[in-house]
Structures are given as C-alpha cells and as structure tokens.
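What follows is a pair of complexes built around subunit A, which joins subunit B in one and subunit C in the other.
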Partner chain A sequence: MDIATLVFSALYQFGDAFAFLVLSACGLAVIFGMMGVINLAHGEFIMCGAYVTAATVHAGLPLPLGILAGTIVSALVGVLVELVVIRHLYDRPLDTIVATWGLSLIATQGTLIMVGSTMAGVGTPFGSFQVGAYSYSIYRIVLFCAALGVLVGLYALFNWTRFGVLARATIQVPHMAAALGVDTRLVYSLTFACGAGLAGLAGGLYAPTMTLVPTMGATFIMEAFVTVVIGGADVFLGTAPAGAVLAVVKSVMTSWQGQLFGQIGLLVAVIIVVRVLPKGISGFVLRERT
Partner chain B sequence: MTALVSLFRRLEGPQTVGRGPVFWGLFAIVLAVGIAYPLFSDGYTVGNTVYFFVWVFIALSLCLIWGYGGSLSFGQTAFFGIAGYGYGVLTLNFGSAYGFTLIAFVAAIVIAALFAVLLGYFMFFGRIAGVFLGIVTLAVTLMLERFMAQTAGPEWHIGSARLNGFNGMSAMPPLTIPWPGEPIVLFADVGLYYFVLGLLVFVYLALRILMNSSFGNVIVAIRENPERAEMLGYDIRKYQLITFVIGAALAGISGVLYTAWGQYITPSSMGMTAAALPLIWVAVGGRSDLTSTVVGTLVVLAAFQALTIYGSQYALVFMGVLLVLTVLIAPNGLVLGAMNWLGKLAARLTQRAG
Partner chain C sequence: MSKSVLRGLRAAALTGTLVLGSSLALAAENPIKLGVLEDQSGDFAAATIGKVHAIQLATEEINKAGGIMGRPIELVAYDTQSDNTRYQEFMRRVLQRDKVDVVFAGFSSASREAYRPIVDQFNGFAFYNNQYEGGVCDGHMIVTGAVPEQQFSTLIPYMMEKYGKNVYTLAADYNFGQISAEWVRKIVKENGGKMAGEEFIPLGVSQFSQSIQNIQKAKPDFVVTLLVGTAQASYYEQAASANVNLPMASSVNVGQGYEHKRFKPPSLKDMYVTTNYIEEIDSPKSKEFYAKFKAKFPSEPYVNQEAENSYLAVYLYKQMVERAKSTKREDIRKVIALGDVCMDAPEGKVCIDPKSQHMSHTIYLAKVGADHSISFPKTWEDIKPYWLGEAGCDLTKKDPMAQYTPSNPPPKP
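This part shows the complex of A and B:
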C-alpha cells in the first residue's frame, strides 16, 4: 500500500467520524447549546427521523424526499413536545433531564410496541468505489458533504435571517426581547422544532446505513452530547471544530484499538476539555467579546 | 453515654421529614410488620420482597447525591454493576467457605467506592458541575456497559471467573454466614430477607443521623448555593466527593445484594433503562427526603411489577409517563408532597384540639 491510499484511507475515516459527530450533534447544539435544555430524548428524535424515512421509502418515495419527510415529522413532534413538556421547564434545567429521559423511555418502548423490534432497512444508495486495495462507500462522502451543508445552513439561518436574529436575541435576554415585541414563546417553540428537525435529518441520513431498532437513538446520544459539551454554546464556532477534533481522536483510536477505544477516547477528551475550557471551544474562541 | 444520646438526637432534624412520637410510632409499627411478614407469607413472595428491598439502597444513594447534594448522577448504575461484578469475580474465584462471601460483600463495595473516589476526584476537583456532571457520569455508565458487553471471548477472565460478555456472569454462591456446625446459606427467601431488612433499617437510620449532622447541613447548603457555602469556608469539592463516594458505596450494596439474590449479573444492569429506573423511583417518591425515597421506591417498584405482569410491555411506557407527569405537576415528588400535606393536617388538628 502506498502513501496516497493510506492518506486517503485516513481522510475517509476522519470524514466519516466527522459527519457522524456533526450530524448527530447539531440538533442538540441548538437545543442544549443555545437553549440550555438538556434533551436526553435527542436520540429518539433521530430514531423518529430514521423510521419515518424508512417508512416513506418503503411506500415508494425516493430517498431524498423520505429524508425530508423524516426531518419534517421530527420537527412537528418537536413542536408538540415543546408545547406539552419543555415549555414548563425552562427555569429548571436539571428537571429537563429527568422529563426528557421519561420521554425517551416512552418513545423507545412505544416504538417497540407499535413497530416491533426491528424495521426493514433501506439499502445504501450509490454503491462504492475502489482506492488501492479497499473499497469505499460513496454514500459516506455524501454524508460528509451533508454535514458541511448543515453547518453552513445553520450559520446562515442564525446570522442572516430575521428568525435567526430573533432567536439569538430571545435566548440571550428573554424579557428584553419580549419587551421589544418578540413573541418569545413562539421563538422558543420554533428553535426547539429546528433542533428536533435537525435530529430527524441526521436520522434520515443515517437510516440507509444502520439497522433500524427502537434503541438506535442510544448509539447517537453519547457522541452528540460529547460534541456539544466540547463545542460549547455556539453552533457554528463550537460544533464544527469540536467535531473535527473529536473525529481525529475517534478515528485514530478506532483504527488503533477498535470501536470501544474510540468511545473511551471521546470520554477522556470530554473530561479534559470540561476541566480546561468550561465553556467549550466556542467559549474560548469568543472569550474576548464577552 | 451523652455522645450516644446526642447521636440519637440526630435521628430527627431539619433535613429529614418525620419527627415526634407519631412518626416513630408509625416507624415501629411498619418495622414490626416487616419483621412479622415472613410468618404470614410463602418463600417465593418473601424472596420477591427482598428483590424490592435490594433496590432501595441504590435509590437512597441517588437521594443522597441528587436530592441532598444537588448533583444529578447517572453513575449509580455503574457502581451497582462494578460491585455486582466484583462480588461475582471474588466469590467465583475463592468460593463461599469460611464466610468469604461476607468478605467479598465488603470488598466489592469498597471496589465500587474506590472507583467513585477516582471518578469523583476528576469531576469535583475538576469543577465539573450541574449538567456536565450528568453527562460525564452517563457517558461512564454507557461505556462500562459496552465494555462488559464485548467481553464474550475466553480471553476475558479474572482468575477462574469468565466475564461472558453480554450474557453476564452467573452461578456465584449466595451470601453465607459461617456458623458452628452448618454455615447458614442466605438463599433468596426468609434468611436473606432478615439480612437485607436489618441492613436497610441500619442504613436508613444511619443516613438520617448523617444528614442531620453538620455534614448533612453543609451538603444541603452546597445544593442551595455553592458559592455561599464556599464563602463560608467549606471546601465544597471535598464534601461533594465524600457524598459521591458514600452514594457509590450504597449503590454498590444494591449491586452485591442483587448479584447474591439472583446469582447473576449482566451488562444490561448498567444500560440506559437500568440507569433510568432509580431516577424514576427517587423523583416520584421525593428526592430530597430519605423516608419519601424509601416509600416511593417500594411503591413504584411494586406498581411496576404488577404492571409488568398485567400489561407486560406497557409498563415502561407508563413509567415514562409517570416520570414526566411528576416533573411537571409535583417536582418535589408525590410521596413527599403527601407527607408534607399530612404533617400540616396533623398540626392543624392538634392546634384545634389545644
């Protein structure tokens, strides 16, 4: 094996890990990083997106439309959850952990009862290509591009649109935003829906690559929280670099000692970063502005 | 003698609900019923009741760390699992003769506590607090589960004890008390019942004393306002670490008793669902009070088992709904709310009478 294929293999693994971390974390970055709601049901929103995507694809829709449907349904579920539960808990962050954990139990077990222990998957599209002795899935490259696209899209949404400005204003000083005529309850609902929709998008994108089981959310949740904690409150300045750093840690540790060590690497990284940079990477980057 | 009296005076205090002759009278009645219970019941039901009691220790540990200390830990199931596996490994290697199971009982709890010292040192002295504490402990718990689940191969063994991956360990000896003549083997019926009941009463009373001592007051002060407690000169990291370690030991008691009760332990005892259940018991009961936690845990466990029998798979959904409703409607817990209401009612009645 020559150097070029070795480098490509390492880059591919990095890109794969980066896409997984960023896609699973960005919805949480909006809900936890920005709004401060610890959403332990985040994995179940991802599961919801994946299931809806698979169901619509089985019904005959093309995959991209299926992913869109998964995203929209998750966002709608997000609105519902915000209205019924989360809305009452904004001033009790520790209780959101408990409540969303209850929601996650309900969702996991409810799906198990209604859909069964597994759901027929969706084939991975696009096939594969050959570099050196190994073949690589094209879809993983698509996922990497999707992760970059989501980051750019979020940056645009929260910096260049009216909704984005209102959302940031509301989250920073709610009563001031309300005094200036912003419907803060609506903004909170929409922001939560946005995070839930992003989780659904992640589920939809990963639906073709995974076994669809009710507990699949648990595979995402740890990576998502680790990325958001390391990233800090800012979605673009936090999640992206955190995803990049952790992707290096994870892909190196995984190729060295296997998947479990990849995860142990993430855990050690989060303990160190929380110790050194309590506000995450974005808190460190933005420290001069505050 | 006076030291002993002042120690017992701590059984009542600001940090625990329940005082005066009425409360302790009720306590004595409940205890008497508990002691007499096996006389009116069969071995299987008694064994099942022991199963409920086993879980109360981990609930108390969460009550201590979360309810009194104010730091939400998902790591209790990790300590539960470590102690359970510790007991399994020790007893499978050394057998049950000469009362070794009791040594293994203590040693396994010590192992769990030492792990808590290590983890807690990094967390509390690293000033990881609040939400982040929950996330780190959750990550540690899930990591342990995944680690134990992949130990299926024959290369994963400690001494002669195979770890057996996802299927877990089994066939470890039950707790055995050495006795002249014949050792008493505590199978999961009357024998183990009295052992666990005694331990439960001891731990409950000891925790009441601890929480009403100056240590407990400092812990509650830290929960209410960490900065203020620190300004008053307390090294809050030390207090939090000690609470965390005591909690880990309590969770460890649950783990060992569970392993000795069913003679098996699996990695799923450290999974997401396993970590959620103690949280539900404590939240529904009333996390900031020991008595509410004990009562809540027993009631919710019994309800959960009844539901599992009649509604099989809907039981977990119901538990989730119960948890969400408790957080939304009675954030302090249902049992604690009821007890406070009863206390007020009693006070009003005595006032009217006097």
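This part shows the complex of A and C:
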C-alpha cells in the first residue's frame, strides 16, 4: 500500500471525525458555550432538523432545500422554546438543566407517539470514489466542507456583523448593553434561535446517513458536549481547535484499536484538557493574546 | 395528517387501555395475569412495539374464544424504555405487587440477564420471545426465539459456500454480540474458513467511516453484521454510500429491525438473514397471521420475527396451562417434560425442547435484493435448538439457572 493512499485515508478519517464533532457541537457552542445555557435538549433540536429534512425530501423537495427547511424549523422551535421556557431561567443555570432535560424527554416521546418509532431514510447522495484500495463516500467530504463553512460563517457572524457585536455585548454585560439601547431580550432570543438552527442544520446534514428515530439526538450529545467543554466560551476559537484535537485523537485511536478505544480516547483527552486548561482551549488562546 | 394524529391517539391510549381492553371482554372474576415488559420507547422501540401488539392480538383472540380454561387473560404491561434497570424495577413489580402468573419480557440480552436473577429469586415464570445468542439453561425461562445453532449453523455454511471462506464480523459490543461472534468464529473454523477480522461496536455508536475502512482493508468475502439498536443501523447507509459492496449475513437484521423497509434501496443489497418469521413469508398460515395483525394494527410498520414469537408464545402458554390444569410453574414444566408441546405457528410447526426449554423452528433464509424486495433462496424445516442439550443442559433433571457459551459449556457431571 503506497504512502499517498495511507495519507489520504488518514486525512479522510480525520475530516470525517472533525465534521461530526464540529457540526454536532456548533449549535451547542452558541447556546452553552456563549450564552451559558446548559441545553440538554440539544440532541432533540438535531433530531428536529433531521426529521423535517427527511419529511420535506419525502414530500419532493431537493435535499439542499430540505436541509434548509430543517434548519429554519429548528430555529423557529428555538425561538418558541426560548420564549416559553429558557427566557425565565437565564439567572438560574441549574434549573435550565432540569427544564431542557424535560423538554428533551417530551420531544423524544412526543415524536415517538406522533410520528411512530421510525421514519424512512432519504438515502445518501453523490455515490463514492476510489483512492488506492479503499472506496469513500463523496457525501462525507461534503460534510467536512459544510463543517468548515459553518465555522467560517460563525466567525463572520459574531465578529463582522452588527448583530454579532450586539450579541457578544449583551452576553458579556447585559445591563450595559441594555443601557445603551440594545433590545437584549430580542438579542438573547435570536442568539438562541441561531444555536437551535445550527443544531437543526447538523441534523439535516446527517439525516441522509443515519437511522431516523426519535432517540437519534442522543448519538450526537456526547460529542457535542465534549467539544464545547474543551473548546470553551468562544464559538470559533473554541470549537474549531477542539474539534481538530478531538478528531485526531478519535480517528487515530479508532483506526488503531476500533470504535471502543476511539470513545475511550475521546474521554481521556477531555479529562486531560479540562485539567490542564480549565477555561477550555479558547480561554487559553485568548489569555495568550491579552 | 389525520392518519398520524389517529395513530398518535392510539399510541397515547395504548398503555392506559391494555388492562381495560382485555378484561372488559370477559368479566370473569379470576383472570390469568400475564405481565408484559417490553421496550415501547427508547433505542430498541422500533423492533419491539410489534411484540406488545402481537401479545395484545393473541390475548384478544384467546379471550374471545373463551380464555384459558374459561379464565380470561389480563395483560399487565409496562414500558421498559430500552433500559436495563427498568427491567429490574418492573420485574420486581409484576412478580411481587401485581403477582402475575407469567411474564413475557425482554429484547436485548443485556436486559434479559438483568431481569433473569429476579425471576429466579422470586420463583417466577418468564418467556423470552426473542432470538438471541443462546445458552440460557434456566427452568424459570422459556425461550421462543431462535438461537445460534438454528440461525448460524444454517447461514454461515451457506454464505461460505456461495461467497468464500474469508469472514469479517461486525458486532454490537455486549453479551449478545460477543457470544454470537464466538459462534460465528466456531462455525467458520469448523467449515474450514478463516476470520478476516472482527470489530465490536459500543451500543449507540452511529458513525462507521473508520470501521468501513477496516473492513475494506481486511478484504473479506462477506461481512457478518450483528449490529443492534437503531443507532448502529446507520452502518448500512454509510457502507453503501462508501461503495463497500460486500454481501452481508446476519441473525438480527431485517427479521428484527426491518432495515430493508427503513433505508433507501440499495443500501441493504445482498443481505442474507436467517429468521423464523418475517411478514414476507408466503404461506397460508403466515398470510392469515399477517392479515389479522394488520386488521388490528393497520399502521404497524412491519410484522417481524419477534412479533410472531410473542404471538405464538401466548398460545403455547394457553396450551401448557390447559394441559397442566394449573398455572404453577412446576405443573407446567411436567407438561413440557413430556416433550410434545407443539403448535402450528404462522412460521410452521414449532415444539418446545424439554431439555433446554427452547423451541424448534422453521428457519427461512431471506435475501434482500437491490430493490429491497425479499426472496427466500432456502428454507430449513424443524431445526432443533440442540446445542444446550448436547452440551449437557437437561432441565428435566437439574436446573442450574445459568447461561453457557461454546467456550464456557455446562460442567460435565
């Protein structure tokens, strides 16, 4: 087996793990990392995105529009959830755990009752390509590009737009922002919707590759929290390097010893990073800068 | 929309009306209580809701026809939520508080092993209506599902003859997957083949890129997929999109999780499954059962092998109680010891083996085509669950209440 094949296969596996970690985590990075709301219903926003995507594709929409629909519906659900539940709990972070956990149970069981135990899949588009002895799925490359796109988009949104500046100001010093005339309630609501929409996007993107069941969100949640916890508070400077570090650990361990060790490696890496860098990777990077 | 709402209402009402529905039909004062502990939510729900429905169907039929010895069956059902600790809680509850005569319980082998000591402790009587890795030698249990000597000793030699002798196993990482993989290893070796590789996947894992590559690296002739739960079922879609294009063999897919209905063709192309029942089986008995099932549960997505196992188990229980004229476990086991507890089930004739209290089956080899249609290249009739008996388990003489495997057989006397 030649070197190029090995290198490509390692890069592909890294990209695949990176995409899964980043896409699972970016919605949570906004809601938990930035806003500080421990959102245990994150997986259910992902499930919502996946279900809406699959349903619209079954109804005849092309997949990209289906994914867009999944993203938008999740964001709208996010607005509703923020308005009804989360808004009243911003200064009670521990209570949000219970509230969002309850929401997640309601969403899972509600979906089971309303839609049934499974939903027909939509099939992965694009087919495969061959490098050396291995064949690969093209859609996995699309996922990797989508993950990069989301990271760049988030960086641009929070650093270059007026909304981004207001959102960061509101979350850092809400009273000051309010005194300067910012509608902080609206900003909170939109930021939460942004996080929920990103979760929906992850669900929509992964919908063609996975089993669509009410509990599917649970398979994202560990990776999402792990990435956000070691990433720290900054959406871009945290999630991107955290995704990269964990993807290396996970793909190397998995190719060496199998899936079980991939998961063990992931958790050990988290323990080490949290011990050494209590404020996460972005805390470390930002402190170096100032 | 109205269809899904109706379905929702029905499902919402389900748990509440189980007891009512069956006991109103016959208002006798002394019903036979049948506990039902199955996963109606959680990771396994897709494969197991049909078991509950099958039990309801059989109960309704039996109660309409006069019950068991004139006594109606009353179902006491709890949702075990695909959670092993729930099984333990509810098993104590049905045995101690509800005082049921018999319990039908369990999908995953982990949950069965979680509740089995409780059944033994309280001298209960349980049916495990599920295919599994085999080896449970326990007088408190009756197993109506198929076991490895029925599913693998038919399937693996067929696959090796057709595709080649290099075998790769991809299995769920818990007792079912590990012990089933041990069986595959044993049968492959006995037939002169070799294992190209093995990987065990933790339950709940849904991303398989690296596993797919490991399989391509090992270049097997076919892959034995023993993946369990809905998360792991994502493998097929991902393998198909990476163009792995290897034939697959399984004892759990299609017959349990109807993956050929859930995924878009051709992701399950060339999947071979040995099962004792699936709804596509084209016999008058099977069609009759399927029609009855669909009449009662029109929106049931699939009638799988565990639904049939559960359905026939209620009838087997009826027969045993009526012959023993008692619901006591000791009396029923005397009937089983006669060795002629048989019935004409939807799959064909089945009998309980007195030594192991497992069941003989008709085993169908189901092949999934490129368009996900099912064909049956081969059928084996009356395959007995012989391994436990041959290995030395004889429940008519001694009840060790243990699980054995090929590498850990019953102790020789």
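The working rule: the second predicted complex is superposed on the first by the 287 of 290 C-alpha atoms of A that agree within 3 Å, B and C clash if a C-alpha of one lies under 4 Å from a C-alpha of the other, contacts with A are read in each partner's own complex, and residues count from 1 in each chain.
The working rule: a contact is a pair of C-beta atoms (placed from the backbone, for glycine too) under 8 Å apart; a residue touches a chain by one contact, two chains touch by 3 or more.
These numbers were taken from a predicted model, which means no experiment stands behind them.
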Inquiry  = Quick check on the subunit A-based superposition: subunit B and subunit C, clash or fit?
reply    = clash
Request  = Return first, second, both or neither, reflecting whether A:Gln172 touches subunit B, subunit C, both chains, or no partner chain.
outcome  = neither
Task = Could you tell me if A:Thr219 is touching subunit B, subunit C, both of them or neither one (first, second, both, neither)?
result = second
Inquiry  = Let me test your reading of the model: by the given contact rule, A:Thr5 touches which partner, first (subunit B), second (subunit C), both or neither?
reply    = neither
Request  = State whether A:Ser137 touches subunit B only (first), subunit C only (second), both chains, or neither.
outcome  = second
Partner chain(s) touched by A:Leu267 [first = subunit B, second = subunit C, both, neither] = first
Inquiry  = Looking at A:Val85, would you say it contacts subunit B, subunit C, both, or neither? Reply first, second, both or neither.
reply    = first
Request  = Would you sort A:Trp101 into first (subunit B), second (subunit C), both or neither based on which partner it touches?
outcome  = first
Request  = Counting touched residues of subunit A, say whether subunit B or subunit C comes out ahead.
outcome  = C
Task = With the two complexes superposed on chain A, say which partner A:Asn159 touches: subunit B (first), subunit C (second), both, or neither.
result = neither
Request  = Return first, second, both or neither, reflecting whether A:Leu112 touches subunit B, subunit C, both chains, or no partner chain.
outcome  = both
Request  = Can you tell which stretch of subunit C bumps into subunit B once we superpose, 113-121, 221-229 or 365-373?
outcome  = 113-121
Request  = Using the superposition on A, tell me which residues of subunit A are in contact with subunit B and, in the other complex, with subunit C.
outcome  = 108-109, 112-113, 215, 218, 260, 263
Parts of subunit A lying in touch with subunit B, wherever the complex brings them together = 38, 85, 88-89, 92-95, 97-99, 101-106, 108-110, 112-113, 215, 218, 222, 225-226, 229, 260, 263-264, 266-267, 270-271, 274-275, 278
Query = Residues of subunit B touching subunit A in their complex?
reply = 72, 122-123, 126-128, 130-132, 134-136, 138-140, 142-143, 146-147, 150, 272-273, 276, 279-280, 283, 313-314, 316-317, 319-324, 327-328, 331
Query = Which part of subunit A faces subunit C closely enough to touch in the complex?
reply = 9, 12-13, 16-17, 20, 108-109, 112-124, 126-128, 130, 133-140, 208-216, 218-219, 251, 254-255, 258-260, 262-263
Request  = Note which residues of subunit C are touching subunit A in the complex, please.
outcome  = 4-5, 7-8, 11-12, 41-43, 45-46, 49, 173, 199-202, 204-207, 209-211, 213-214, 216-217, 230-231, 233-234, 237-238, 240-245, 261-264, 267, 299, 301
